[in-house]
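Both complexes shown next keep chain A, but they swap its partner, so chain B is in the first and chain C is in the second.
Let's turn to the complex of A and B:
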């Protein structure tokens, strides 16, 4: 392994200063759960490593100006245990609690999960369904904001240039009448890379018993998690019922089939996703289904 | 591109070290500090044999760069009990037969220790979830879970 220079900035200004001379051979390091593996297998060969895990500004979770704001270097443990995330973006807290293992959640960060662009990233469906935007800042302090699903440029690649860094994830706050859930299917319960993951965010009028709005995001069935208007349309304007749940599951199944038509895992995934659709529907509408 | 100076506290002992930037935390512990109680299994964060506590939280030391431990506290199995006096969790592991080949044990004990610090009376399901990042190919887990349960009943978390 070739040697590299390490910078360990403790605040954002220092981190941006380190980025001034960044090239394609500069790598940002946060939790390390992907980085260390890539470094050792030689798929990355940096000459400079900027360790941002100590940058204080990137480690807060706060509510501000109608947004839930999560610093890019927040760990999954921090996110899953945050009262604020549990209250305002429950599906994200759930997704965070199902990442890897306790050890991985203690190190891995949400910014790293987004930047590494794994198709199976667990935070992605939740963030996509929550309409999350990502703030990206360059070495000169200039910032831009893009939808979270636009960060990925294909498997393992992202759209950031060398002198940019993800600083924050911004989630528009939902009203009281919204409900959210996340479900994941892996080969085993813990430590599994998702075979399929899904987040569902709905606005539910309890008095009328009607679904007013719905956002569904599917992960691990394409290069990046995506919304499916087709399945959303099945839900909106309807009352949660067993029949609607069946129809929803069937639609999600066709969406999976259309998304990965040639993949060898398609026959499995198009069937398995139905179970996931049932689970998530039951999580959100257990009250209506009992009636 | 020389060495990096770090200050790290391992098992309560302070070290001022000059390290190669390419070292992982597990390499630092095993090869430089000769703390070979920490085991390397898969090297990719699947098995948890290399679990140590970094500022009190379990991490896979094979997935942390050594320089990231700068200014932090590391607890390895050597810091938990001694050969003369085992930690109560270790005693429960022995009593319950939760150790067979022993390779996963240091990581397993540290995860259990961290769990009981955080949650002194965990339910069985909570124990299972917390220890899910530590694989054991010998015991079938049941005895390990029993050991953690009995350590919990004895109020182990209050001991130190």
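Let's turn to the complex of A and C:
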């Protein structure tokens, strides 16, 4: 393994100072659950590593100005166990609780998950369905904000430049009449890379029994998790029912087929996604389906 | 009544393991130790044209770059045949092959030197499919052999042809199991050095230190007494630590450099260095009369042993002997083959050839039952072995056949668990139940001298030490031996220390394999303890003023007169007096398991005793995602006698975990002899979250020749799981998966095929 210099800033200012001389060979280390593997494989060969796991400002979860704000270095354990996340963005808490294993969740961070740009990243569908935006700051302290799905620049690549760092994930708060859920399909129950993951965020008028709004995001069936207006359209304006559930599942299946038409896993995934669609629909509308 | 045996004292090394104090080989350090490394070429099949080590030797810090020419003794290793080079020099036959060794002062120099070894080679055509390899025109894996067929055994009993003609139902099909990895948690590691006497010493995790010593001595050209193999704590073995991996190579580096050398493999290297479970193709034809009684079984089993033999003949023999399942079958014809290919080599793995046939024969049983409109339980009940029955090899099962009891207890308990549950959970979630019966012949078998030795010494304070070569690979044999010695001597487990698996100190007790340590070495320890006790009793005769030791018993730290228990003397007092009188209570025990060789028709008594097991599995299958969730397993195992109940239950749980992996997720993916998934992110073993609720049921049908009636459970525990899961999948969704693992994709494809057939 190539030798490299490690910086361990204790606050954001120091971290930004470390970034001033950053080059393409500079890497940020947060939880290391992907980073260390890539290092061992030799697929990354950094000359400088900035370990941001000690930067306290990046580890807060708070509600502010109509947003749920999650620091980039928050671990998945922190997120899944946070009352605030469970109340305001339940699907994200669920997604966080299904990442890897206990050990991976204790170390892995949400910022790292986004920056690593794995098509199967578990936090992504939830964040995309929640309309999350990512705050990126450069070495000079200049900040910009982009939708979470725009961070990825293809498998394993991101749109950050060398002297930038993700500092925060901002999720617009939802009203009381919103419901959210996350589902994941893996080859086993823990330590499984998602074969498909899905988040569904809906506004539901309980008195009328009508779905007023819907945002669906699918992961691991494209280079980055994406929304599907086609499936959302099936739901909006309708009452949850078995028929709607089946129509929804069929539509999601078509979306998968169109997204990865040539992938060898497509025939499997287009069927399997229906199972996920049923599960997520039942999670959200078990009350309506029982009637 | 036993006092210590049959209870569940915690494992003798349990506390230290929980506290992280136990030392595995990677935890060992020695001043001045060099880093050892192995050099491979990136293809599985090649002629080596030249090896140039000169640039590697110039790397600062490099102390040795060794090739085949540096081996003082035999450049070959292997448990049955010496067909695997220690260091390959002319030919590379598989991704297992090593072409050079390096020792260096530090990791960087080591890596640099490994990179600077120049190897010129010419890729050759390999053969990667065992059935293709059987064809006489196929390239030969070993050019000195006439064929790639390494081994063939036949079992012939009765007349299958006429039996099939008279059968009411015949089921014929082919089943396949893949190459499987042991996936033990601790990758290979070792520390080797020359001690102050100049003897070669290696500390490593192995299943049989005395065999390792023999192989090291043979290749290093040393007498046995100048080689010492010390077994450290072992982080799982499952058969994957029986062949030579680092042992000979690391000792060679230590010998040549005169320095301690340590090597710790990573997971990827570990996948490439030890054997795998034989992939098998099993063609079956099974007949039954209209009442469901089996009439005949014909089977052809082909096992892929990869580039090297390892245990292949014994594995394929075990497959043949177990091919009918634990059922009375009057007419049998089995042909079993071990075939060389250029795949990674296969060898021992938990079940040892008895794990694959149940995937075939238990599916056949369910299919016959279905044809006849019978219940899967019923067909097994009317065919299963009873005491006095005769096996496919003509062996009389004269004792300890607890299969019916396993069947009754498992099915009864399963009924209680499952009765309230619905089969159709939703339109796409279906519940099903499956059962499987298996048997397993303990020991090396086939007449091989299957011997264990032990020494028990009682000290002058009455406590005792057991010495035995048997390795505790984590299953708990040291605890079992401590219990047995304590039981015989009338001591507590805490009063006994077990020292095991160090060739300088302990007598040879064979491999920790074939589910043989409780039975074989347990017997040896018991015999040794009885001899030591006999000597103590000599003194007790005097102290208690009795005329013979016949009425004496040792229990709870005292030796006393059974008919007059007030008359007693404590162990500490008795032992002290015995020592003063010049007596030394030391006993030696040897035990040889009995078996006979198969004759030309595969008839004989190849193993003894046999352990039996029945598992009932409940699954929920999602017909959209193809996922199988295993909810419950009821596992009844006839172990003869559980020396340590908790340890037996632990083995059952571990066996089920390994069986579930075999059934659902595990496969070493091979492409032209290369391993595509040599890491745990893509070779998927079950996690704790995947484990079902397990209900172990211990059945104790005593084996007269076993210690306290004990047989064993290590391997038997995993055998019924996979076939029971497959039968449960069929029960749930009506499709039969005949090729493991039963992945979601295979299940969906089978469902689609079934739908289109409608």
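Keep in mind that, in the parts below, the second predicted complex is superposed on the first by the 291 of 291 C-alpha atoms of A that agree within 3 Å, B and C clash if a C-alpha of one lies under 4 Å from a C-alpha of the other, contacts with A are read in each partner's own complex, and residues count from 1 in each chain.
One rule holds in what follows: contacts are C-beta pairs under 8 Å (C-beta built on N, C-alpha and C of every residue); 3 or more make two chains touch, one makes a residue touch a chain.
Keep in mind the model is a prediction, meaning the values are calculated, not measured.
In the superposition on chain A, A:187 makes contact with chain C only, not with chain B.
Once the two complexes are overlaid on the shared chain, A:87 sits clear of chain B and of chain C alike. When the shared chain is aligned, chain C comes close enough to touch A:276, but chain B does not.
Of the two partner chains placed by superposition, chain B and chain C are both touched by A:101. Once chain A of one complex is fitted onto chain A of the other, the partner contacts of A:268 are limited to chain C, with no touch recorded for chain B.
Of the two partner chains placed by the overlay, only chain B lies in contact with A:33; chain C stays clear of it. Of the two partner chains placed around the shared chain by superposition, chain B is the only one that A:8 touches, whereas chain C remains out of contact. Residues 101, 189-191 of chain A lie in contact with chain B in one complex and with chain C in the other. Residues 426, 428, 622-627, 665, 680-681, 684, 686-690, 743-745, 748 of chain C are the ones touching chain A in the complex.
On the side of chain A, the complex with chain C involves touching residues 101, 185, 187-193, 268, 271-272, 274-276, 278.
The touching residues of chain A, when paired with chain B in their complex, are 1, 3-6, 8, 29, 31-33, 35-37, 39-40, 49, 51, 53, 77, 100-104, 106-107, 189-191. Of all residues in chain B, those touching chain A in their complex are 1, 4, 20-22, 24, 43-46, 48, 51, 54, 57-60, 62-65, 67-68, 70, 111, 114, 129-134.
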